[in-house]
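Look for subunit A in each of the two complexes below; its partner is subunit B in the first and subunit C in the second.
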Partner chain A sequence: METVLKALTLVADPYTLGVMLLAAMFGLFVGAIPGLTATMATALLIPFTFFMDPVPAIAAIVATVATAIFAGDIPGALLRIPGTPASAAYCDEAYAMTKKGLAERALGIALVTSVIGGLTGSIVLSLSAPALAEFAIQFSSFEYFWLACLGLSCAVIISTGSTIKGFVSLLIGLFIATIGIDGTAGHPRFTFGNIELMGGVSFIPAMIGMFAISEVLRYVASNRTVIEVPQQAVGSVFSGLGAILSRYKFNIVRGSSIGAVVGILPGAGADIAAWICYAISKKRSKEPEKFGTGHPEGLVDAGSANNASLAGAWVPAIVFGIPGDSITAIVIGVLYMKGMNPGPMVFIQSPELIYAVFIAFFLANLALLPLGFAAIRLSRQILRMPRRILMPLILMFCMVGAFAINNTVFGITVMLVLGVIAYLMEENGFPVAPAILGIVLGGMVEDNFMASMIKADGSMLGFFSRPIAATLGVITIMLWLTPILVAAWKQYRRMRRPTAET
Partner chain B sequence: MRFNDSVFGLILIAFAIAEIAYTRTFPRLHGQDYGPDLFPIMIGAGLLLFGGILIIRGWTQRATQPMLVVGDWAHDRKNVANVVILLGSIVFYIVFSTWLGFIPTALLIQSVLLVRLGSGLITSVIIATISTMVIHTLFAKLLLVPLPWGLLLPVAW
Partner chain C sequence: MLNRRILSKAAMLAMAGFMTAIAAMPAAAEYPERPITLIVPWGAGGGTDATGRMIAGLLKDELGQPVNVVNRTGGSGVVGHSAIANAAPDGYTIGVVTVEIGMMHWAGLTELTGKDYTPIALYNYDAAGLQVRADSEWKTAKDVVDAIKANPGKFKASGTGQGGIWHLALAGMLNTAGADPAAAPWVPSKGAAPGLQELVAGGVDIVTCSVVEASALISAGKVKSLAVMDDVQLGAFPDVPTLKEASGLDWKMAAWRGIAGPKGMPDEATAKLSAALEKVWKSSEFQEFMKGRGFGLVWKPGAEFATWMEESDASLGTVMKAVGLAK
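Let's look at the complex of A and B:
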C-alpha cells in the first residue's frame, strides 16, 4: 500500500499531470490526422522525454498513445480513412454509420468503448505484471534467451504479410543491433573506424527514421489528395449511447479481454487486436448480415479491443523487457535510456515506478473521456489542418530530435538511412515491426546467448537443461517449424489433388 | 519502387557473404570456439537461407511479378523531384547546419519544402519563420539543446 501511495505522489505531481495533459492533446491531434500514426506520435515524443524524469516520460507516452488510438477512429468514421492502423478494422462500418447520419453515435461508441477497453487493459496490466514478475525472478540467461527468441518469432509470424519477409526484417534489425562494441570481447563490429558508431546505432534517431521519416517520404512520394471534410453539424455524442452499450455489454467485456490478451503477445499490437475482435464479433453475432451496413456491434468489440491491447502490450515489456508491439519497443528504449532496465528486478528495486505506470494508465484512460469528447467536437477543424504544411514541420522536428540525443548531426544521418530503408521495406511488403524488435532486443538476445554458451560450455543441450528453459525452447522451435510444416502439407495436398480428380 | 523478390534475395545474399567474410577480421577469445563473430555469422546464415528462398520464390513468380515496378509516383516528375528535394534537404542539413547555423538552414529547408508541396511563397516563408523560431526556442532555450548558431553567432541571443 505504501508503494501505491508513493507512486500516487509521483504521478499527482503538477508537472507530471501537466505533461500528461499536453501529451494527451498531442496524441489526439496526431491520431486524428490520416497518415500520422500512434507510433509516429511516440517517436516524435521521445526527444522530449529524453529531458524528463522517468515517471513523467513514461506517463507522457502512455497518455499520447491512449488518446491517439481513439483519435484514429475520427477520420475513420468521417472520411473512411483510418487515422491509425488500429482503426482500419472497423473503418468501413463506422463510415457506413456516418452515411446514415449517425456519425456522432459512431464516434460516441468508439470513445466510450475505448475508455472501457483502456481501463480493462490497465486492470489486466496491473494485476498480471507483478504476478509474472515474481515468477520471472528465477529466470536465468537460458530462459531469457528463449523468451526473447519466442517473442521475436511471434512478432514475425503474427506480423502482416509474408513470414519469410518478416524473418528477413527481423534479421536486418538484429544485424543493426550488432553494430558497435560487442559485449563479450569489447571489439568494435561493423563500425569501419567510425567513432560515432562505436556505441552502436543510436536508438532514438533509428526510431524517428523508421516511423516518422518513412511516413513523410511516403506522403511526398504519393499523389497527394486533398481531404474533403464533410460539412455536417455535430449532434449529441452521448444520446442513445446507454441503450447500445447495455445491449452489447457482453461484447465490451469480450473485446476488452481478448484485446488485452492479444496485446500481451509479442508483436501483435492494437491493429491486430481490432481485426481479430471484429472478426469474432461478426462470427458470433446473432445478426451477422448487418455487419458492414453501419451496425454498432462490431464497433463495440473492436473499439474496446484496440485500447485494451495497448496496456496488455506493456506486460511483457516491463516484466521481461520484451515488447508487445512497436510502441512498447520504443518504450523499452526509453526505459534503458533512463537507466531503468526493464525486467523483474525493477519490481523489487523501485516498485513505485511500476505502480506509477499503472496509475498513469488509469488516469490517461479516464482523461480520454472529456478530451475525446472535445476532439469529436473539434474534429472537423483538426481534419482541415493541411498535411502539406504539417509534413515539413514534422521533418524539422525529426531532425532536431535526432540531433538532440547526442548533439551531433550523425544522429540525423542514422535517421535518414533507416528512414529510407524502412520506406523501401514497406513498399516491398517487408513488415517493419520485426526489424524494430530486432534492434531493441538484439543486444539482449546476444548477451543472453553468449552467457548461456559460456555457461553450457558450447553445448546446445545446456539450453534445455532447466525445465522452464526447455519448455520455452520447445515452443519456440515448434513455432519455427510450423510454417515449414504448413507449406509441406499444402504441397502434399496440391500433389494429391490432380491424381484424385482423374 | 517495387522489386521482384529475387532482386532482394540477391542483395541479401551478397550482403550476407560480405558480412560473414568481414567477421573473419574479429579477434578470437582464448580457449573458446565462439567469440564476437558467432552471432553475426548466425545472422548472416539466416540471411543466406531466406535470401535463397526469396530468389526461388521471385524466380517462379517472375511472370506475374516483374523485376522492377516503379510506383505511380515515378511517372509524375513532380513527385520524383519532391522525393529528391526531401532527401536532399536532409543531406543539406547534415552537411551545412554546423556552418550555416540552425536558424538559416531550417528557414531555407522549410520554405523550399512548403513551396514544393503547394503553399504560396509568402505564406511558406511566414510559416517557416514562425516554426523555426518556435522550434529554436523550444529546443535551444527550454531543453538546452546546443543547436548550432553558425553565421548568426555574432548576434546570438
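Let's look at the complex of A and C:
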C-alpha cells in the first residue's frame, strides 16, 4: 500500500502530468497521420526522455502509445487509410459506416472501446506483472534461455507474410546482435578493430532507423499522392452509442481480454490483436453476413483489442526483459537507460517505479476519452498536414535521438545503415519485426545458453533438469516441430493421392 | 588647449580600455570558460553513473560551468575509457576511470593503461563480498572455501562478466586458499544484479560482487553476505566479517572509481579541477549521498592516484596471470 501511495505521488507530480498531456496530444497527432505508427511515435519521443526522470519518461511513452493507437482509427474511418497498422483490420468496416453517413458513430465506437480495452489491459498488466515477477525470481538461465527461444519462435510464426522470410529476417537480427564483445569469453566479434563496434549495435538507434528512417525513405520513393480529405461534417460522437455498447458488451469483454493476452505474447502487438479479434468476432457472430457492410460488431471487438494489447505487451517486457511488441522493444532500451533494468529484481529494488507505470496506464487511458473526442473534432486539420514538412522534421528528430543515446555520431551511422536495410527488407516482403526481436533477444539467447552450459558442465540435459525449464523447453520444441510435421503430413497426403488414383 | 584636452582624454580612455582589457583577459582565458564533459564508461543507472552524475552536479557549482555527463558504454568499458583517453587534452573532457583500466590491457582488449590519463583524484573504493543464498548451509566464508576445495567444479559462482573484477575476486581468493582458481566455475552475467538473481533462483551458489550491490537482497532476506574482502569491515554492514577473520585467507579485492582526463592536460586545468573536486568530495551532500547508497569513500589526489593505478594494475596483472585470465 505504501508503495502504491509513493507511486501515486510520483505520477501526480504536475511535471509528470504535464508531460503526459503533451505526450497524449503528440500521440493523437502521430497516430492520425497515415504511415506514422505508434512505434515510430515512441522512437521519436526518445530524445525528449533523456532529460526526464524515469517516471515521466515512461509515462510519456504510455500516454503517446495509448492515444496513437486510437487516433489510427480516425483516418481509417474517414479516408479508408489506417493511421497505424493496428487499425487496418477494421478499416474497411469503419469506412463502410462512414459511407452510410455514420462516421461519427464509427469513431465514437472506436473511442469508447479503445478506452475500455486500454483500461482492461491496464488491469491485466498491474495484476499479472507483480505476480509473474514473484514467480520469475525463481528463473535461472535455463528458463530464460527457453523464454527467449519462445519469444523468437513466436515472432517468426506470428509475423505477417511467409514464415521463411520471417525466419530470414530473424537471422539478420540475430547476426546484428552478435556484433561486439561477447558476454561469455569477452572476445570482440565482427568489430574490425573499431572501438565503437566493440560496444555492439546499440538497439535504440537501430530501431529508430528500422521504423522511422525506412518510412522516410518509403515516402521519398513513393508517388507523393496528396490525400483528399472528405468534406463531410462530423456530427455528435456519442449519440446512440450507449445502445450499441450495451448490445455488444460481451464483445467488449472478449476483445479486451484476447487483446491483452495477444499483447503478452512476444512479437505480437496491437495489429495482430485487432486482426485476430476481428476474425473471431465474425466467426462467432449471429449475423456474419453483415460484416464488411458497416456493421459495428467487429469494430467493437477489434477496437478494444488493439488498445488492450498495448498494456499486455508490457508484462513480459518488465518482468523478463522480453518485448511483447515492437513498442516495448524500444521501451526496454529506455528502461535500461533510466536504470530500471527489466527483470524481477526491479520489483524488489524499486517497486514504486513499477506501480507508477501501472498508474500512468490507467491515467492515460482515462485521459483518452476527452482527448480522443477533441481529436475527432480536429481530425480534418490533422489530416491536412503536408508530408513535405513532416518528413524532414521526422528525420531531424531521428538524428537527435540516435545521436543522444550514446552521444556519438556512430549512433547516426547505425541508424542510417539499419534504416536502409529495413527499407530494402520491407520492399521485398521481409517483415522487420522478427529482425528487431533478434537484435533485442539475440544476446539474451546466447548469454543464457552459455551460462547454462557452464552451470550444467556442458550437459544438454541441464536444459530439462528443472521443472519450469523442462516445460518451457517442450513447448518451444513442439512449436518448432509443428510446421515441419504439418508439411510432412501434407507431403504424405500428396504422395498418396496419385497412387490411389492409379 | 582643446586639442590637448581631447588628446589626453583619448589617451586616458585608451589607457582605461587597455587596463580593462588586461584585467579582463585573464578572466576571459581562465579555465573553465565553457561547459565540461564528463564521460562515464558504464551504463546509466549503475554505480559509476550514479556517482559520476553526483560529482558532475556538484562540480558545476564549484566551477561555474555546466558539467555534462555522457555515458559511453559497451566493450567491457573499452569504449568509454578510450573516449576519455582520446579526447583533446584541454581540460574540457574528463571522465570516470574505473578499476577495469588495469584489467582490459591484460585481457588483450586494448593498449590503454592508467598511464594514458592525467589523474585528478580517486574518490571511491568498494571491496568485494562473499554472498550466498540466505537459506544456504554455509555459515562462514571458511565453509564456502572448504566446500569448493572438497568438490572442485560442483559449486558455480557469478556476479559479472567473464574476467570481470568480481570474477577476479573469487579466482584470487581460491588461489590464495591453494585451490584451483577455476574450482568454482564462473557463470558470466551482465553485472551484479542478474548474477544475484541467478543466486536467488538457485542457478549459482556464490556471488562475489560488492556487498553494497547485494544490499537490497540482503535486506529483503534472500541473500546473506559471509565476508568482505578487505582489511577492515564495512561501516554499513557491521555483521559482515573480513575475509581474514572469517577464513584466515589474506586476500582482498575491490573496485574503485576516480576522475581523470586525457594525458597532457594543462596544469592550470588539472589544479583547478583537483581543488574543485576536493571541495565536492568533502561536501556534506556528497558524503551523505555516498554513505546513503553504501559506497566506500576514499580520497587520493593527483600523484597518489597515479601510484594507486600503477599498483592496482600490477596486482591485477599478477592475479590475472595466476588464474589464467591474462592473454
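The definition used in the following text is that the second predicted complex is superposed on the first by the 497 of 502 C-alpha atoms of A that agree within 3 Å, B and C clash if a C-alpha of one lies under 4 Å from a C-alpha of the other, contacts with A are read in each partner's own complex, and residues count from 1 in each chain.
Quick note on the criterion: a residue touches a chain if its C-beta (ideal position, glycine included) is under 8 Å from a C-beta of that chain, and two chains touch if they have at least 3 such contacts.
Keep in mind that this is a model prediction, so the values were computed, not measured.
K.L.:
Who does A:340 touch here: subunit B (first), subunit C (second), both, or neither?
P.N.:
Once the two structures are laid over each other on A, A:340 reaches subunit C alone.
K.L.:
Between subunit B (first) and subunit C (second), which, if any, makes contact with A:378: first, second, both or neither?
P.N.:
A:378 contacts neither subunit B nor subunit C.
K.L.:
Figure out whether A:450 sits in contact with subunit B (first) or subunit C (second), or with both, or with neither.
P.N.:
Both subunit B and subunit C are touched by A:450.
K.L.:
Is A:348 touching anything from subunit B or subunit C once the two structures are fitted on A? First, second, both or neither.
P.N.:
Second partner only.
K.L.:
Touching A:479 in the superposition: subunit B (first), subunit C (second), both, neither?
P.N.:
Touch status of A:479: no partner.
K.L.:
Go through the superposed model and pick first if A:407 touches only subunit B, second if only subunit C, both, or neither.
P.N.:
Both partners.
K.L.:
In this superposed model, does subunit C or subunit B come into contact with more residues of subunit A?
P.N.:
In the superposed model, B touches more residues of subunit A.
K.L.:
Touch check for A:185: first (subunit B), second (subunit C), both, or neither?
P.N.:
both
K.L.:
In the superposed arrangement, which partner chain does A:21 touch: subunit B (first), subunit C (second), both, or neither?
P.N.:
Neither partner.
K.L.:
Should A:51 be classified as contacting the first partner (subunit B), the second (subunit C), both, or neither?
P.N.:
The answer is first: A:51 touches subunit B but not subunit C.
K.L.:
Show me the subunit A residues, by the header's touch rule, that subunit B contacts in one structure and subunit C contacts in the other.
P.N.:
In the superposed arrangement, which is not itself an observed complex, subunit A uses residues 184-185, 407, 450, 454 for both subunit B and subunit C.
K.L.:
Can you name the residues of subunit B that touch subunit A in the complex?
P.N.:
Going through subunit B, the ones touching subunit A are 1-3, 8, 12, 19, 22-23, 26-27, 29, 32-36, 38-40, 43, 46-47, 50-51, 53-54, 57, 71-73, 76, 79, 82-83, 86-87, 89-91, 93-94, 97-98, 102, 106, 109-110, 113-114, 117-119, 127-128, 131-132, 135, 139, 143, 145-147.
K.L.:
Give the list of subunit A residues in touch with subunit C in this complex.
P.N.:
137-143, 180-181, 183-186, 188, 195-196, 198-200, 202, 336-341, 343-345, 348-349, 406-408, 447, 450-451, 454-455, 457
K.L.:
Spell out the residues on subunit A that touch subunit B in their complex, using ranges where they run on.
P.N.:
48, 51, 164-165, 167-168, 171, 174-175, 178, 182, 184-185, 187, 189-190, 213, 216-217, 220-224, 388-389, 391-393, 395-397, 399-400, 403-404, 407, 409, 412-413, 415-416, 420, 424, 427-428, 430, 446, 449-450, 453-454, 458
K.L.:
Which of the residues in subunit C end up touching subunit A in this complex?
P.N.:
Interface residues on subunit C, with respect to subunit A: 43-46, 49-50, 70-76, 78-79, 82, 107, 109, 153, 156, 158, 161-163, 185-190, 193-194, 196-198, 200-204, 216-217, 220.
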